[in-house]
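In the two complexes below, chain A is the common chain; its partner is chain B in one and chain C in the other.
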Partner chain A sequence: MIFITNFFTRRGTALLATWRIWRDTLRFAARAILIAATPAAYNSATRTVVMKQIYFTVVQILPGFMLFAALLSYVLIQIVVTTAASYGLSEYALEVSMRLLVLEILPLITALFVALRSSSAINTEIALMKINGELLALESAGVDTMRLEFMPRVIGGMISVLVLTAFTSVIALVLAYLAVYGWQSWSLPDFSRIMGNVFQNTVLLGIFLKSLAFGLAVTIIPVAEGMATPRMLFMAPISVLRGMVRLFFLIMLIEVASLALKYI
Partner chain B sequence: MPLRANLSALDNIALIPQYRSNQKYAEAADQAWALLVETGFQDMHAKRDPALSHSERFVTKLLRAVISKPAILLIDRPAMLLPEVHYPPFMFSMLERMTTYLDDCWIVDYQWNRALYDAHLDYPELDQAQP
Partner chain C sequence: MNRPTGSPLIKNLEIKVGALLAATLLLVAGFVLYTMYARGAFHSTQSLTLIAPEADGVSIGMPMTFSGFPIGTVKRMALSENGNVRLEIAIPSKDARWLRENSIFTLEKGFIGSAKIKAHTADLKDKPLANGASRTLLTGDATEEIPVLLEKLKSILNNIGDMTNKESEINQTLANVQNVTHRMTGEYGVLESVLGSPEKAQQVVTVLEKTNTLLSSLNGVSLKADTVLAKADSRLFGPQGIMDQTQESVAKLNTILGDVRESLKKADALLANAQAASADLPKITSNVREATTDMTNLRSEIDDSVRKVNHLINEINKKWPFAREVEIKTP
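Up next, the complex of A and B:
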């Protein structure tokens, strides 16, 4: 009996701790979104910091990521086109490759790429700022850390995922056209008709919402995790590790939820 | 106050009037540039925090404090901020250039470092330094 009581006490404590972390993250997300949507939150300094954040999370990585996405898209399109042809299903190759790439793989790859590049950096930065007492120093000096430190990172991450997904999707469309029809333009009406069938308004809204959710996840989780770091230096890598695991879990959860909504 | 790692030294200094009084970026940057020129550190204007030396980081932080013309400036244990230079002459030369912006400046340092300030004893308040 004591064994069972202890087991449930320990599990219950762990469960409550996990619940508290997610509750604080959701609270922070709600606050960040609310402030980001308030025009009064933007003064000259906030605008400068947001612009810089967008530059570092979007513009700086654009060429390298586009090249990678183009290569990945080309290989996957070729696999789909060749496989479809071998089964005599060439007429479905374009639609299948676009559903696979633009609706599923590219948004997910973009979110994972931004998570690896920016989220880990954001988590480390915020955790160290917390440990070194810099967040406290800013607040003591009357600086609103949400407006100057956290919100620009959240906006930068969201715009980063949305813009990179949009750009890579356009590249995938162009590559798919070239792979199926070759270097000519007279098949554009056919291509447009098929794309019109694939990308209906509800589907486009779905991609937008999924990318938005990815964008929020890749910034909210690392910021919230960094803020929750205890003020001990050895906790910085632990905080980043925890943040990245939670982020990976959430990204996969969003992806599975979007698949379930679409296909089940 | 910590510097923002993704902003240049000039932008970090300009950020203060932008935040405090919603000054336009161009005006704030002009003001920051004038201060950098006054200290002779204008060459570092484009450097970001990781690329700054200790002295350059000290000057950036000093100018961030000075740009809002505070009533008093407190420098806590400057040796920790300037480990690479003989800091009293360096610090005093910087502060002397900032006299138009500063009313008063207090340096808090350990008593055993007092000998380092001997050359600057025309600053009588140095005697007040606490251990």
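Up next, the complex of A and C:
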């Protein structure tokens, strides 16, 4: 009997903890978005943090990431084109590869890349600040940590994901044309017709909203997770681990939700 | 606090990030404009309504093709009052020229992939299709016609089988053709293939050679005729030629004729004398002797004149070449 009670107590506590952390995350997200939406929140200090966030997340990695995205796109396009041709469905190759790459894979890859590179760093930084008591010190000194520390990171991370997605998508578009039609411009009308078919207004809005969601996820989860870290040093790696797993889960959730909205 | 907050560690941070954001905005705006262009937001379209008994496999955004090239897309589709399907097709104005009054539209369904709406225009010089025109969409299912097609295909294959038999007419014809072409490759080429044997061809060649020699001798004949004509020409019209001499003769004739006239005048005078004599008979008798001597003289004179004329005419006759027959003999 005691065993069963203990079991349910443990499960219940874990469930409540999970629930609490998601609730805290959502609450934090709402606050961050609210502050980001007020123009008065921006001053030179927040701008600098936003710019640095963008610099570290985008400018530093742009050439390497673009190369990687181009390579991946080209290989995937070739696979789709060759497979379609072998089944006699070449006319659908371009549309399929564009839907696959620009609408699904590239935003997802971008989000995962930013998560690995920046989210882990943000999570660690905030967790250490929390453990060292810096956050408490700042807040007791009257500094609005939300406005000066967290919100700019969220904005910067969001913009970064959007920028990277835009760049890689355009590269994939150009590569798709070259892979399917080669080095000539006569097929532009044909290409445009297919692009017009793929990129309807709702689809464009869909990519934008999805990238926005990815951008929010890759910054809000690590910040929220870092803030929720108990003030014990050994909790820092655990906090980062939890944050990363939750972030991966959330990114996949967003992807699946967007697919479900589109195709079901 | 060891975090770099606002420290100027990064050179030109604002410029770099600003340029990146500007480039991104440009890319996004360009992409949105491009998709709008690709969806035909910037070119005018004309509409065409197709009425079909059923629209199985047709979807909005599906292209309508002409010669395999998409020239329009399905914009709207709805069921009409009488159970038919109305498909509204938007055709960019620049592609509308492919559609004419006599164009027909078909809906084809294959085994794989969606159905295809195709436009066929037999006469591109016909009047262009009006904006908002309505046409029926002819539907055809490829799978429905397969048994019929197979039947036809069988009979065609049988025919081909008959044609390619060893004893078929085509084969015999081909053998004949081979025979002919084989002869063509012989010494007398095409001639042999036409005549059938080298001997006959040889005969034709001999005839041709003979004709050649004949032609060359004829050539010599015509050359000789040429020289003869040239000589005749010089004799006729050259200096001391017949014409000159004739002219002299004519001059002589004139003088002779003058003589004749003189003689006739004298005869006139004689006759007048005779008249006078008859009036005066006695005188006549006395003058008879005188008269007869005069008569003798006159006669001899006239005779002389006439002889001269005769002689002259003979001479002219002799000299005039056309009086004789000139015969050119061919060697």
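What we mean here is this: the second predicted complex is superposed on the first by the 257 of 264 C-alpha atoms of A that agree within 3 Å, B and C clash if a C-alpha of one lies under 4 Å from a C-alpha of the other, contacts with A are read in each partner's own complex, and residues count from 1 in each chain.
By definition in this document, a contact is a pair of C-beta atoms (placed from the backbone, for glycine too) under 8 Å apart; a residue touches a chain by one contact, two chains touch by 3 or more.
This structure is a prediction, so every number in the text was calculated from the model and none was measured.
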| item | value |
| --- | --- |
| Which of chain B and chain C A:182 touches, first, second, both or neither | neither |
| Partner touching more residues of chain A, whether chain B or chain C | C |
| First (chain B), second (chain C), both or neither touched by A:88 | second |
| Touched partner set for A:49, first chain B, second chain C, both or neither | both |
| First, second, both or neither for A:143, with chain B first and chain C second | first |
| First, second, both or neither for A:159, with chain B first and chain C second | second |
| Chain B versus chain C as contact partner of A:63, first or second or both or neither | neither |
| Touching partner for A:197 - first (chain B), second (chain C), both, neither | second |
| Chain C-contacting residues of chain A that also contact chain B | 45, 48-49, 52, 125, 134 |
| Contact set on chain B toward chain A in their complex | 1-2, 4-7, 11, 14-15, 18-19, 22-25, 28 |
| Residues of chain A touching chain C in the complex | 45, 48-49, 51-52, 54-55, 58-59, 62, 87-89, 91-92, 125, 134, 159, 162-163, 166-167, 169-170, 173, 190, 192-193, 195-197, 199-200, 204 |
| Chain B-touching residues of chain A, taken from the complex the two chains share | 43-49, 52-53, 56, 125, 129, 132, 134, 137-138, 141, 143, 148 |
| Contact set on chain C toward chain A in their complex | 1, 3-6, 10, 13-14, 16-17, 20-21, 24, 27-28, 31-32, 34-35, 37-40, 61, 63, 70, 73, 112-113 |
